[in-house]
Structures are given as C-alpha cells and as structure tokens.
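The same chain A turns up in both complexes below, where it pairs with chain B and then with chain C.
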Partner chain A sequence: MSVPGDGLVEIVGTGGALPGEPPPPDETRAVSHGRLVLARFTRHRLAMVGLAVLVLLFVVAFLGPYVAPWSYTKKDFTAFLQPPSSQHWFGTTQIGADVFALTLRGMQKSLIIGLLVAVISTGLAALVGTFAGYYGGWRDKVLMWGVDLLLVLPSFLIIAILSPAFRSGSWLIFVFLLSAFLWMVTGRIVRGMTLSLREREYVLAARYIGVPSHRIILRHILPNISSLLIIDATINVSAAIISETSLSFFGFGIQPPDVSLGTLIADGTSSAFTFAWLFLFPAGVLVLIVLAVNLVGDGLRDALDPNSVHK
Partner chain B sequence: MLGSTGRVPAGTPVLEVSDLQVTFPGRETPDVRAVRGLSYTLAAGEVLGIVGESGSGKSVSSLAVMGLLPGTAVTTGSVRLGGQELLGLKDRELAQVRGKRISMVFQEPLSALTPVYTVGDQVAEAVRVHNRVTRQAASARAVELLDLVGIPYAATRAKAFPHEFSGGMRQRVMIAMAIANDPDVIICDEPTTALDVTIQAQILEVLQAAQRETGAGILMITHDLGVVAGLADRVLVMYAGRPVEVGSVDDVYYRPRMPYTMGLLGSIPRVDERGRSALVPIEGTPPSLAALPTGCPFHPRCPMAIDLCFTSEPALERVGGPSHAAACHLSGVIDDQDLGPVDVYPVPEIPAAAALRLPRPDRPHVLDVQGLVRHYPLLHGAVIKRQVGTVQAVDGVSFDIREGETLGLVGESGCGKTTTLLEILELKAPQQGRVVVLGRDTSGLTGQQRTALRRDVQVVFQDPMASLDPRLPVGDILAEPLRTHGTPKDQVWPRVHELLRLVGLQPEHASRYPQHFSGGQRQRVGIARALALEPRLIVLDEPVSALDVSIRAGVVNLLEELKTRLSLSYLFVAHDLSVVRHIADRVAVMYLGRIVEIGDVDQVYGAPAHPYTQALLSAVPVPDPRKERARRRILLQGDLPSPADPPSGCRFHTRCPRFAALDENARRPCLDLDPGLVPIAEDQQAACHYAEPLRVV
Partner chain C sequence: MATFLIRRLVNYLILILVATTGAYFLAATSLHPRANVAGRNPPPPVAVVDRQLTALNINDKTPVLDRYAIWVKGVAHGDFGRTWDNNSVNAEMGRRMGVSLRLLFVGTVLGSGFGVLVGAYSAIKQYRPSDHAITLVSFLVLSMPVFVLAVMLQIAAVKINKTVGHQVFQYSGETSAGLTGGFWTHLGDRLQHLVLPTLTIVLGQIAIFSRYQRNSMLDVLDSDFVRTALAKGLRRRAALLKHALRTALIPAATFFAYSFGLLLVGATFTEKIFGWHGMGEWLIDSILTNDINAVVAISCFTAVLVLIAGLLSDVAYAVLDPRVRST
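What follows is the complex of A and B.
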C-alpha cells in the first residue's frame, strides 16, 4: 500500500470499466486522448459504413465520368425522355441528356458544396461562438452585434446582389457565400454554451494551471460542445445542397450547362410521378449523401464522447 | 387544534416495517436491490436515526414507506402505520394517509416548494387537503404553523414567495407543512445537509419543537453521525441495502459491534478533539447495489474478514444489550474483547512536517494577503446599466501562510471565502490591498511572470466531477500542466504515472475517463493534477465535502501525508469545522467578507473569543451522544445579512448574542465602530469590542 488507507484502487480495476472499453494498456505505452478517440471511431461499425459510402460516392462522382458511355454535355438525339435502359443507365431527359452522366456531374458539385459549406459554417460558428463566449466583454459585444446584423440581413438578397460580381470567378466563392449565411444561429448557441462552460471548474483549473486561453478553448470547450457541432454540421450538409438549389433556380450559383444535384432535383420534381427517373436518381443520391454523413457524424459524436454507450 | 387525529400515547409503536425489500428490475443490466430486508419499529415520541452512505438504501426505504417510489420498483414486505398495512394500497388511499398521518421533510427545500404560490398558500393547502375547513381558517392555521416553526412576522411572511426565503427559512416552511395535520410519523430525509451549521442547529431545534407539539415519531435519515447523536433515541446503520447495526444511540456510539459502524465512527474528524493523529479510513468504496459481493457485502473492506464472511451473509443478531443487534459473524468476538475502531482498523502513521519544527516566525512566507478587497457592482437596467449598489464580497481581508503550514478558512456560505480564494488564484492586482505569493507582489507581474508563478500555486476544487474535463482521459488531464509548462515530451508520461502512484492510483488508470472513477478516486486525480508542477502552495476549496464519510478520511490522510512528504503549504477553505480542526495549523473565521477571528487552531477552537466563532463551534454536532445531550448551543438569530447592505459598525451585531445582552450604552461601539482584529492570546486575534474567550466544545 503506497498511501495509507487506500484501497480505492480496486474498484476501477474490477468494476469501473464500461463494457467495450479497451483493456488497460501496459504502463509503458499510455494511450493518449487522440488515439482513444480514433480507436472508438474505427470500432463504430455504422460510422465505418457511412465513411465507406461517402468515399465510394466520391470515387463514383469523380472517376465515373471516365467509364460512363455518355458525358453530361453530350445529347442523344435518338432518345428523348427514355426510361433507364442498358444504353442510358438512369434514362434520359427531355432533350436527350444522359441522367447518369448528369447525376455524376451534379454529385461532384453537390458533394463538395455540401461538405465544404457544412465544415466552414460550423467551423465559423464554433470559432466566433467560443471566442465571444470565452473572452466576453467588448469582443463578445462586437461579435454578437455582427451576428445579429447578419441574421437580420436577407441573405438571399445579398447573395443575389453579389453573385454577378463573382460570376466570372470560381464557383467555390459561392461556397463561401453560402456558408457565410448559415452559421449565425449555431454561433449564438455555441456562445451560450461557452458562457456556461467557462464557469466550470475544470476550465478554471486549466486557467489556474496557466493554460493559454486559445488552448483552453481548443482542448476543454470545443470537445464539450462537439456533439452540437457535429449534429449542426450534418444538418448543414443537406441544408447547403438544398439552398444551393433555390439560389440556382433563380439564376445564381450553378448555371447551365453545369448542373448540381439541386438543379437536377428541381428540374425533376415536376415530373416525379410521370417520368420518375428524372427525379428519383438525383434525389436518391442526395439521400445517400445525407445518410452517409449522418452515420459518420454519429460515429464521430460517440467517439468524442466517452459517456455515450454505443450498441 | 384543527385536524387533530388524537395523539397516540408516547411509546406505542406507530410505524412497523418488517422485511422491506425494494428491487429496481434492470432490463439488460442486473437488478438493483436497493433495500434487502429492512425491519424496524418506530414508537410515538421517539426519534430513530437511519445512518448510511449514499447508495446504502436509506432514502429508498423511506420513499417506499411513503409509497413514493416509481412504478417500476418492486416492493415487498410489510409497512404498517398504526396497524394499517400501507404496502399495496392504491395511490388514492395512500393520499389519505400521506401528509395526514405520515409526512416528510426533504433535503432540498428549494425544489420542495412551488415557486409560483405564496408560502402561506402552500401551508394552507396542506391543511385543506385533509380537512374540510374554510379558506380563512386554513390561512389562519398556516400563519399559526409558520409562527410555531419560528418564522418572524409570520402573518406578513406568509404572503411571500419561496424565493424570498433563505434556505433555512424554506426548510422551516417544509416542517410547518409536515406538522400541519398533526401526523403520527415525520420522515426527515437529510433535512439539514444543504444548510450551514448555524442554520442546521436552528432547524434541529425546530424539529424537536415540532416533535413536542405533535408527539410524532421521527425517522431521521442522515449520513452525518453527529446530527443524530444528540437527537435520536435509537440508531440504525445501513450498508448495501441492509441494516447492519441497530441499537440505542449509546450502544451504537460507545459499543459498536459491526466493523462498518466502527469505521464510520473512527473516520470522522471531531471538532472537540485536538487531533494530530491520522483518521481511521475504511478502505475501498461502497459496493454497487447491482453487483453485490457474495457473503457479507462489507467483507471486501473489512479488516477482520474471515473465510466465513466470503461465503455467507450474516443475519442481524442480538449482541450485548437487549435492544442492540449487529449483522456480523464476528460481533461476538468484538463484544467479548470489547474492541474499538482503533483496535480493528490499522491507523496510518503520518510523520510531522519537517518545516513545522522551526518556530513560526522563522519560516518564510508562502502567501501574504493584506487588506484584500473585492466588491462587485450591483447593476440594474436593461439597455443602460447603472450601478444601484455594491456587493462587498470581500472587504479587507488579511492573513498570511508560512511554509509548511495549513491555514483553514472557515465561514458560512456567502461569507466570501470562495471569492477570497479566487482572487488569490487570479494572481492579479486586487481592487484594493496586496497579495504577495512567495515574496512576489501579484500587482507587478507581467503575463509571463504570472504564468511562471502559477507553477507554485495550485488548486483543488470541491466537486471532483466538475473539476475534471469529462472528455479527456485522466492521463491527459494530468499531462496538461506538464505540457503547459514545457516539460520535455519524453518525461511527461513517466511523470503522469508517478503522480498517479503518489495519490494511490495505478498507472494504468491513465487511459480511463473521470466518470469511470469513484468520487474519492476522482478527488485523488484532482490532487494529482495540483501536484503535477510541484507547487509550494495548494489552495483547497472544500476538497472533501462532496465525498462520502468513509472515503473522506482517506483523502484527508492523503492530503496530510503529501503535505509532509512534499513540504507543501495549504490554504484550506471549508465550511466543515471538524475537518479544519483536524487538518489545519491555523484557522481564520470569516463573516460577511471580513475575518472576525484568526489564530492557532487549538487556541481558537479551545477558547474562541469572537461570539460568531463561538456560535459556529457550538453549532457543530459532535458524534458523542452524552456530550451532545449535555451541550448548550448558542443559537444565532436569523440569516446572514446581504453583503450588498452590511450592517453598520460591527457587521455581526444584528445576530450577535453578546450584543443582545448588552445595555443601550454598551451597545454604542458595536453600532458605530467597525472593530479591527486585536490580539487575544499569543496566536489569536479577534475583531470584537467585547471579545472574551469562552469554551464551547
């Protein structure tokens, strides 16, 4: 017995572990936080499935055009509005474009727009929210004033006004515009959570150890709001893809002949019951993307939260 | 009297519980057997104390008696109230009994009252539920009851809402509601745990008055052996859902026959004993009720366990006196040899600190606080904030800590002790006054110097769950201070392992998360983090108050041992005066942002000179029934005044018993002049115009 009166050690040794925890590693190789999280993530089967689906979608979207018989710009004037066949796997449109080629092209755009917008807007929300909440004072006031201003401004109008200026530029600018108007509500929630986390004793303890503020935010505050951030990011993926559609519909964003999943779905909606393939394939792909992202998000959330019991 | 059901003569059994069993069936997890065969009888006019740690089944058993358990719980056995079987009654029928013949006082008085009704209405409702009386009559009775439990200006205060009442006042209201219908049985579930000692003393007094008024039997559930010592006639000790010892208070306190009871008694520091010897800790933690060990549930922690204890669970059998029974295979042996806690439990040796051998003036200062002030502006208004007042949280506090010593900072909640501690930890220039840490004035520090100084000043917080980041493994938590202060990478993990061993944990615990540890173990992790940088001063904010009694002793011993081994100094902030007496060398008593008495711990505890210190010490219950019965409490009137509007002159005069006894002329200095600290004895100073040492414990 190293310390008098200490027998507490036993309970962790016998009954303290949660089921599914890795066996205690030997003393020389202590496992750090990052590796534990990674281990939990890779053990999460559904998350692995989601990740595999996402990777597969990317591969299909970017390598598919090289194997597909038709490109998205080419029209088959012998086949208008044909249902799926061996020639046109997903059928054709009113003007004879191959729906499979269009869907692949749309996936390229939408995957990138969806994921990038989600990551950027949630990242921005996390950054501004924690910064404002943790530091407080005038920084908080200025940032929250900015957030409120952005919330009040009609984002659609701003993007509409700005988009001619960017028309010549890359469509990636569009990604930043979209994310710039998606983060504010989350940012406010993050700030609120940070305000309460800031008073927690483990944050105080870190401060009194001398840990610099940015590291406290990174190590103690962000991980403790990660569940919210991950859920927000997964929702933002579909939100971005859909709002891109509505903007494109009004002539901003992705313009013909280029396509995105959003524009395809918008075009196909009217004929969803008559020429189902026009709608079903792009919509199915969108559902697949959102589902896969959700699975990965769930896995990430469970991996970051040692309390969640995953069955 | 309204609603009187006719008093049961004292001594007749009013509540008979036999073989009560409560099980919470688990779906995928094993069943939780919260209570496993509890039997007791409560007579009218009697106080039965049920003592146990968290998870011992004491609260569940009382909820089962009231029929308040959730529907999923399976309850068997028998609960008879005045001959009527309560188990199996429909909720409607139980409602006839609850509040009328059996009532309950809960621990948390804030959540037990509805915030949107006035206090008077809520008490009146308790009357009207069981009696056909007019609204006016019920209100009149409510005022009468509030007056009975000692609420001043009861008629006016009855129109106030719960949030306008302090914790102690709310608990009085709860008691008023409990006695509204003259019940036969009052169940008190930790009624004073959430309250300060001086308020606790008031509430215990009220409970006794309530019992005199109603002649009810009181079931007092608590973890504090001191509270029941003076109040209870009989005591029942519970462990792992079963009674392990029952008997008269004198039997249980002076002749415990079950090692668990002995351990409990031996592990509590006492306010009335100058103690330098280590406490007697019980090893291990209480078992999980879902996975009880075979045989006697206490055997893994029992120093006396023999083979039999591993296989068969002992029954509660008579030992010694006629009403004394214990559930232990060895209780006969203990009785024959008349063993005490010290004989059964190995007492750890803790050597005296080397630094303490030097006389105090020769030791260097570790912390020197002079005239520390912290005021918070009280703001009002939505858009344009204007200051409407000042909360004087800390108002001119001075003390010093020399190398190798422990200063205990005590006081009731709201006295400013935590603010003082946080002000010191900030290491910044205070609003007024001076904080000098290890010879460096904090007002002149640059950011870099401040970070460097943080190595030497570390903190341990009260709640071991809240002070450890739930998202980080313990190893990373301990590595954080090392990485922050630039420990080379290859030395971080060896040091983490060393720290874990130092506080009695194992290196392989490094990859586990805080929630996989018990409360005591978590607090050890918190202590290890504070030690990581080899500090010279550790500030401890109520480090043991959130822990179970039997765990507490182990942590207190650990703190003492570390202090000696690593020559640390402690600033120990606590409201528990017994722990402070045990661990501190010097003590400072705070009241409303001021230190009212400071000095050597034995000097201050032995002969306190300030009336507040005297009241505080006399309010602390002692786990010694004879002493407790003979003690005379100095009861303070009312609650702590608001620090936004402190009284003139001496801040204590509104509640001061000595002031109350003075005549008009003699009162003048107390009303006009703010007393400063004046020397009373060699190392004792008190801030009172009429300071006079008085022995109270």
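What follows is the complex of A and C.
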C-alpha cells in the first residue's frame, strides 16, 4: 500500500516523548500513503459514524438470525398483523411471519447484491477503461462506442424486460445485469486517466525495456487510478442497492421465494397507511444502509483525493 | 466546425438506430402478449388470437425479422404501431407526454432553482452549523429511494388529513373523478393533486443540485477572479452573485439540461405511486402488459431524449462559459 517517495513528510513523535527519555532518533520521517489516508479518514467524523453503522448492520444482518426469537420461515398463527411487541420486535405480517426476521433476511440479500454489483461493475470499468485508453486506436473506438450505446439504452427498461429470465433462474443473473449498466461513466473516466498516464516517463520506460502491456496496465496504470476505483466502488454499493430495491419494488428484481428489502417494502406499501410497521422497518433499514455507505464514500473521497472538489 | 457537428449528429442517429433495434429484438423475443389472453375464461380460439396478434404485428408465430421489417416500415412513416389493446402508440404517447410535462415542469424548475440557491448558501457558510445541517439533510434525502420518499409523504398526508378532518392533501391521480364546478374549482383540484408528487420531485432535485452547487461554488470562491472583483471595490454580494455564482453555475446547468431533457420520459416512481398516467407509469405498465410496440417506442424516445439532453448541456455550457463563447 505504501508508495515510496511520494514526498509526504509529517512530523511525528514529538509530543509523545517522556521528559527523562532521550528523544527518538529521527523526528521527521516520511508517512506512508496508506497511513496518511487512514489518518485523514479517521478525522472525518461523519464517515466514521457511517462505517460504524455499516459494520453494525452487517453484524445484525448475518448474526441476528441466531439471536432473534423467530426465523423468517416460521409463522406465528396466533399473531396476524400485530404491531411491534416484545414477541415480534418489528410486528407481524398478514400471514403471521415475523417482520424482524424477514427484514434481516432482506438485508442479507440486499447487502450481498450491493457488494457484488459494486465489485463487478468497478472491475469492469477498470478493465474496459484501461484497455481502451492504453491500446487506443480501433479498440478504443469500438469500446467507447459500446459505452455510448449502453448509456443510451434505458437500463431500467432492459432489466425489466429481461426479468422473466431470472424469474426462473438464479438471482446472480440479476446481479450481472445490474453491474452491466453501472460501469459506463466510470469506464470513461478511467479511460481518460489512462490516456494521460500512458505518456508518463515511467510507463514509457517500462514499455521500452520490453515489459508486456498487460503487466504495465496491472503494475503501473491500475495502482495510479486505485483512489478513483475505491471511491467509485463505494458509491456503487449504494447505487446498486437503490437500483436493486427499485427494480424489486415493481417485481422486476428479486423474485419470490427470495426476499430483498425491495420486495419487503413493496409488500408493505399497500398497507403502509394502516399497518405502518410493514413498510417503515424495511424502508428505514434501507435508508440507513444507503446513508451509511454514502457517508463512508464521502469520507473516502476526502481521504484519498484531497484535491478533489471538496476542500 | 460544421463537419464536426454533422459527424456527431450522424453518430447519434446511428446510436439511436442500433439502440432501438436492440430494444425491439429484446422486447419481441422476451415479452409474450399471448399470455395476456391465456387466462381468459372461456379461452378464446387460437385462430382468433392469432389473427388479432398478427393484425397488431406482435404474433410470436411470425418470424421476428418479418415483424421487424413491418415495424420499420411503419416507423419510417412516423408510426410506432399499435398497443396490445389496439390503440395508436403515437396517440397514447402524446397524451402521456402531456401528463408527464404537467407533473414535472414545475417540480424540475423549482427543485433546480432552490437546489442551486441552497447549495450556494451552504458554500458561502462553509463549516457553519447551517452548512452542516444542509449537508446532512441532503445526504439523507439522497439516501432515500424515490419510492420510500413518496410513500412516506403519503403516510404523512393521510395523518394530516385525519387530524384536520378534511382532505387537505390528495395523493392519488391527477384530478378528482366526478368533480363539478367552474374553472377555479378544477384548477384548485389539480393544484391540490400536484402538491405531493411535486414535493417528492423537488426534494430529490434540491438534494442533488445543492451538492453539485456547493462543490462548484467552493471551487470558485477562492479563485483569483473573485478576489479581483472584491479588490476592485465590488460589494461582497455583487462579487458573489455576478462573478462567483455565475461561474459556479456551469456544472449545475449541464446537469439541469439533462434533467430537463429527460422530463418527458417522466418520473417512473413518482407517477406510478401517485397514480399519474404519464410516460413513467407507461414504462412499467407496458412491460407488465407485454406491450411490445409500446416498450420499443419508449426505448426509442428515451434514446432520442438522452442525446438531445447531451446537446442541450453542450449549449448550456457554451452560453455560461465565457471561454467557450469567445472562440
């Protein structure tokens, strides 16, 4: 993670020395890039809150089912449409299912989908962007034309039309489709950055001593755009979760018997005026997840890319 | 310059063509209009169904390429075919565009206007409590999917209606059915229906625009030309409004061009949840009813609008950025 010689020097260790002790050998030393980023990130109070909330939500989603009194498959035939109580923390549905257990189940799916889509789409953006930017020529033209085409196609419509395909199949197809429509703008930015990196001396030097192109991309280009990619992947988590829930809300996404936050919210909406807990709990959890991810993304942007629009 | 523009336009046209063709084949092979009548009791005779589907050019027994050829011939004459229940797609589209426009025009203008003001204010008061509050609220709204925001507003409206004991907020449809009265009664009724969906749109727009505007305003506030403007004796207000805000408007304006260009495609969630029969609602309904011709027409229309929006944002850039204008 450390980048040698990036010239970031900070005075450390002057405040910590005890009076009797000899001063530490060198009072200034280069702070590694990773450390600096970490320090900047931890200073960002809202981002830390977001991170804590996110970790907590993950723990609750994946360990909660072991603690909760009801599982999402069990139905309580003595309690239909009951408001939250000590028995059912988030209330029950029309058929006596426990809303808390369902919400945990939906959280798991939505979180996993968010993470998977973010990783895949950012990876795709990095792959296509660097490839197009580095090789240039006809490959660049073809790829960028493909990007334009995907931007012009209404993604919501395409995924919705194709939804019967994953009604019978796996939700993983849905994940790939979501990723396929999230990477284009970043891919363009990556291409632009690669275009300028390609002319740098160290890349030219590597090329002249005969390093193969794919190694140059991997070792010299990608590390230099990693900040952008990390920020992008974080933002994409929230974008993916919102897209997933939106499509599932209309029945074009996750299909029963699978549940996601989107399907839960859709089920709760019809009775949101009278049995608010059916809607409010899954919706609240959804907003909390997305908000936490956005705050972390904002903090990461400040930490990794201090010269960007923020400061 | 002219050749550049023409090349770009040709490229756009080819993109639209390819995108629409792709959408056609996708829709024609994945949607099954035959399923719409399958559940009827008694089941209609197959020959009758076939004849009807062929007449609408959506019969899955006709090869896709043949259907595409018929469709292209129609589109070349400006006719996007017929919906699955045998209405003209063109007429339906015109009607729905009107609805979307009535819903979105006010919301987009108000939302972007207030968004820019809020963002600029937030930047001028950077790190003050007001800035922190605005940032936090806009983050909260941005983290709220439209369907959650819309339903929350509906819940609040129902609560308020109940406590007041009078229908203050309307949350379904564009007008009340069977309303009698003069012009003013009807206008009032329409406005009453407009409040909640507009609020949904405005809140979202303010959140996005204020983030954009705050960032670009912060960039501009330390710049040399604002300092020069202050140094030559302009009042702070004048320097901020005439020099800083105007330059900082460029990113927001390009974004505004996009959201305005896509106005006619409608706000899918807002329309669907509040029961406005506009383009956005059609997008969902046409897929649910396996309406191939309508789906393709919407895709084509969206593609055209995306590209027009791109051109609009270029124009907005040229108008606002003095460097672009002078060349």
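Methods note: the second predicted complex is superposed on the first by the 176 of 311 C-alpha atoms of A that agree within 3 Å, B and C clash if a C-alpha of one lies under 4 Å from a C-alpha of the other, contacts with A are read in each partner's own complex, and residues count from 1 in each chain.
The rule is simple: contacts are C-beta pairs under 8 Å (C-beta built on N, C-alpha and C of every residue); 3 or more make two chains touch, one makes a residue touch a chain.
Since this is a predicted model, take the numbers as computed values, not measurements.
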item	value
Which superposed partner A:R219 touches (first chain B, second chain C, both, neither)	first
First (chain B), second (chain C), both or neither touched by A:R200	first
Which superposed partner A:L228 touches (first chain B, second chain C, both, neither)	neither
Chain B versus chain C as contact partner of A:L300, first or second or both or neither	neither
Partner chain in contact with A:A132 - chain B first, chain C second, else both or neither	neither
First (chain B), second (chain C), both or neither touched by A:A283	second
First, second, both or neither for A:H33, with chain B first and chain C second	first
Touching partner for A:A180 - first (chain B), second (chain C), both, neither	neither
Touched partner set for A:G210, first chain B, second chain C, both or neither	first
Chain C-contacting residues of chain A that also contact chain B	none
Complex contact set, residues of chain C against chain A	15-16, 18-19, 22-23, 26-27, 30-31, 136, 139-140, 142-148, 151-152, 154-155, 158, 215-216, 218-219, 265, 268-269, 272-273, 283-284, 287, 295, 298-299, 302-303, 306-307
In the complex with chain C, residue positions of chain A that touch it	46, 145, 148-149, 151-154, 156-158, 160-162, 164-165, 238, 242, 245-246, 249-250, 252, 265, 269, 272-273, 276, 279, 283, 286-287, 290-291, 294-295, 298, 309-311
Residues on chain A engaged by chain B in the complex (per definition of touch)	2-13, 15-18, 21-22, 24-27, 30-33, 36, 200-202, 204-206, 208-212, 215, 219-220, 223-224, 226, 304-307
Touch list for chain B against partner chain A, complex	278-281, 283-285, 288, 291, 300-301, 346, 348-350, 425, 450-451, 454-455, 457-459, 461-463, 466-473, 475-476, 479-481, 484-485, 493, 496-497, 501-513, 515-518, 520-521, 524, 526, 529, 533, 551, 553-554, 557-558, 561
